[in-house]
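As written, the chain order gives the labels A, B, C and D, with residue 1 at the start of each chain.
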Amino acid sequence: MKKEVSDLLVTGNRKLNHDNFLIELKAATQVAEMHPGQFVNVKVDNSPDTYLRRPLSIHDINESSNTFSLLVKVVGEGTKQLSLIKEGETLNVVFPLGNGFKIPAKDEKILLVGGGVGIAPMMHMARESVKNGAEVHILLGARSKIDHILLDEFKDFGYVHITTDDGTLGTKGFVVDHAVFSGKETFNRIHCCGPEPMMKAVARMAKRMNTECEVSLENMMACGFGVCLCCVTKTTEGNKCVCTEGPVFNINDLEWQI
Amino acid sequence: MKKEVSDLLVTGNRKLNHDNFLIELKAATQVAEMHPGQFVNVKVDNSPDTYLRRPLSIHDINESSNTFSLLVKVVGEGTKQLSLIKEGETLNVVFPLGNGFKIPAKDEKILLVGGGVGIAPMMHMARESVKNGAEVHILLGARSKIDHILLDEFKDFGYVHITTDDGTLGTKGFVVDHAVFSGKETFNRIHCCGPEPMMKAVARMAKRMNTECEVSLENMMACGFGVCLCCVTKTTEGNKCVCTEGPVFNINDLEWQI
Amino acid sequence: MANLEVKIHDLVLKNPVMTASGTFGNGYEFDDFIDVNSLGGILLKGTTLYHREGNDYPRMAETPSGMLNAVGLQNKGIDYFCEHIYPKVKEYNTNIIVNVNGSTIEEYIALTERVNELEYIAAIELNISCPNVKQGGMAFGTSCPMAEQVTKEVRKVYDKTLIVKLSPNVTNIAEIAKGVESQGANAVSLVNTFLGMAVNAETRKPVLSTITGGLSGPAIKPIALRMVWQVAQAVQIPVIGMGGIASATDAIEFMIAGASAVQIGTTNFVDPQVTTKIVDGINNYCERHNFKSINQLIGSLQL
Amino acid sequence: MANLEVKIHDLVLKNPVMTASGTFGNGYEFDDFIDVNSLGGILLKGTTLYHREGNDYPRMAETPSGMLNAVGLQNKGIDYFCEHIYPKVKEYNTNIIVNVNGSTIEEYIALTERVNELEYIAAIELNISCPNVKQGGMAFGTSCPMAEQVTKEVRKVYDKTLIVKLSPNVTNIAEIAKGVESQGANAVSLVNTFLGMAVNAETRKPVLSTITGGLSGPAIKPIALRMVWQVAQAVQIPVIGMGGIASATDAIEFMIAGASAVQIGTTNFVDPQVTTKIVDGINNYCERHNFKSINQLIGSLQL
């Protein structure tokens, strides 16, 4: 799909909980061509403190309305301003960016692991995987019950497993403490997005289980399309750009100490 | 009146014509203490291009609601963002600033001359002058009919005279072409605010008519309260700050070539 | 309340927050907005031996996250200062520091001698870095031998705390800092403004009457922070950091990089209450990070 | 359509808008966004003799109206360039310029000799101002004798247009510009990034893996504009201006100050289409001001 920079119409902005917002955008190009795990780079108007664009995963697509959505967690000035955007306004977006996850073949069984706002790309991934005939398990981790969002939506696509750090919902502990990693279940592939320590823990599990594993990195970006070389991560083939050669990497290609 | 910096509630924002907006603010302190010709310095949020505050004259005060208003003409990024502010939002304002006009004594006859958005401070001035028992003539100049605003409001306070550059309303020409300067009428004082060439022309007329004349300058300002020394104008006593020793000056004190 | 007291040679600051010369008037312009006594110290506006009218208007241009100024040291001279300003500012219960300017070494000396007599002026800041005057000014601050010479001569006639204010418009600011240290400076403050320029594309004229002016504000913060870090590593005397500080976080960054105190300049124009907010913010930070004393913060950068 | 053609020595630019090295990849990364051929020229990313991995992550920090980078010249070296990049970029119908980097004079020479063989590379930009490498880089650009020496040696082995890219981290940039002019530079381009720094106040660690990095973006525009003006007055050769250009108005300001052409850097990240917008904006300006040729604009500052 050709990259573009466009002013997209905001067709919705829904507050999901205290700090998560779901922004829906109308695309001019076919959203069906977007690949799960890809991201967009958003210009934040109205924010003197935000000079560069802000990268956000494509959360989900809607082919019938030709819209796609972003799941935004407010962490600083840029995401705060974004959370205030209203239906009818426009957002200047560079998209689609990055490579995306490997889509499972028919009858494959995969595990999607999302921690915090790392659940963002997993809705799109779950949708496409199910469409392809795969069996999808979705493991969502968060700090506490109130931080869990979109559970019902995820349930449409597969088996949803839950952890909370404080035990207020699902299994108490981190995602790797969940029974899906007990060894009883086997998966063709694990796809993971979340804070780096979490992804490393999941990667360790995957290695132990001898399961292929992809992680989606969130390195700081200046451009988002491969020209500034700021977003690199060390791989077995040297530094690679997370924005173009990622954000999704097979853990075997990363120089992670796991 | 003590200067303050406060977040003031916007109680109204009315679009007057294509590029003029009337913003009403609720004050915590008594607006009655504001002096006609004083100004405020407004922080423009939501504008990456606007780093410094924007000085705006106090247009009018309303003692019963303890509100005051600003007349904003959109000329650049800052005033554009200001024009978008909505009732219920807040504006961070440093006020009141500057000296203000000399208020006429009872039965004095004065002429207020406003060109373009220079009409801004004249409503407050007209109100206070009338309150003091003076006879007020108000001469308003603009490019064209559509640029004339608030005429009815001004009529409440005195005789309103009008010029337009293109003759679409009132006398055709500049303000100095108006009959009030023909010599038939005499005034105790002329108070003028507008573009510098206009104020100089009016000052020339005032000299010729041997009439005291005050002008309100709009020098570029960084602070607005006398500490940066950026806003100076040459006076008979050397450089003076427009923000604290003005914006209103008697033309005899300025080193103007008129 | 954490202990925010810092020392700059003989000066004891109740907290590390000072104001930058030329951006805080004589202090009392801020009385309506803040309690000036709650600050660590205030730097009065640049003073010269004789009355100066400064440069012609326009003296200011707004720039992305900053501004250019070309004030050119407008002030009424030291006689007026002693008679009209000093009696007022000496009543403040904080450190009052005079920013000393000259076109020649003789002027610097003569002015310093006058200020030396003023009991309640705890220190001088020797400004060898003003970019907006035709003679002297930045010329002293951009040449290491000249910076050393003016420091040496002024040191001879001044008993109290001598702070030298450095220009950022140099290849090697640490070298100049070491130079003035070797000649008896008790502290260095940096940075003064960067020489910049603005052009009006429509009229094709310079925006400032002086063509070039001094750039200040958040835009310069990353460069100023780097220079403070370099200088703090190069000298033994305290470093006073400034350049674009707009928040407590900014101030803390300068202190982590090695500044013993900070000065707030241009942000005073945007928020006249920023200085006291920064004092509060630094205190909160210290409490949150369990610092008993702010001195633990100074130069705490972890490499 | 006004005549926007400008000349930089032997180079004919269809318009004065070029891209800054390191911010435009190899051009084809922008094919989806703009017609690269509509630009006056493109500066390819900094190239070295051998493959370089660049610095460790993190390499970037956002700053007020700008950013710091510490990429450190990551590139696959000249062999890879000749084999994989050159065949693609030579198909563009615009000037393709290689940004040449070395740690030693010998490396600069060896690399230049290689680039000299490439028929469709119309010019080189000698980067003596990279602040993000341990050896060479900015060291050449902040010392007048070294800047002269590297220019002199490279000149001997290069026949085509030689542009020398200057560092702004100096006391007197005009002096260095004159120095490289005297050694045969056909043009100078300025400015490279300003050495800056960012600190994370919470962790008390530097944000960049290299502690310091290069500041770019609108924040630096006023300083860059001043330097371009100073250099344009000091040298006879064309000056290519850059530093924070984000709009046609910015570009026009640089040309009024004396730049014959401009480069757009960091703004490409924020708006990948900014370069073609600037070409349009310059054209509109020329038409609005009745300029038959853009050359009337160059150095037209009215004092």
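A few remarks follow.
Throughout what follows, a contact is a pair of C-beta atoms (placed from the backbone, for glycine too) under 8 Å apart; a residue touches a chain by one contact, two chains touch by 3 or more.
Small disclaimer: the values here were computed from a predicted structure and weren't measured.
Common neighbours of subunit A and subunit D, by the contact definition above: there are none. Taking the definition of touch as given, a chain qualifies here only if it contacts subunit C and subunit D alike; none does. Counting contacting C-beta pairs between every two chains, the top pair is C-D.
When you average the Cα atoms of each chain and compare centres, the chain farthest from subunit C turns out to be A. Centroids of subunit B and subunit D (each the mean of its C-alpha atoms) stand 47 Å apart.
With centres set at the average Cα position, the gap from subunit B to subunit C is 36 Å. Subunit B has its Cα centroid 54 Å from the Cα centroid of subunit A. For subunit D, the set of residues that touch two or more other chains comprises 61, 63-66, 217-218.
Shown for subunit B are the residues in touch with two or more other chains, namely 48, 50-51.
Taken pairwise by the contact criterion, the protein chains form one closed cycle in which every chain touches exactly two others. Interface note: chains touch in the pairs A-B, A-D, B-C, C-D. Residues of subunit A touching subunit D in their complex: 2-5, 43, 49-53, 94, 219-234, 238-239. Of all residues in subunit D, only 61, 63-66, 68, 142, 169-171, 194-199, 201, 203-206, 211-212, 215, 217-223, 225-226, 229, 244, 249, 252-253, 256-257, 285, 300-303 touch subunit C in the complex they form. Put simply, subunit C touches subunit B in their complex at residues 22-25, 29-30, 32-33, 45, 53-54, 57-67, 69, 71, 74, 217-218, 266, 268-273. Put simply, subunit B touches subunit A in their complex at residues 45-48, 50-51.
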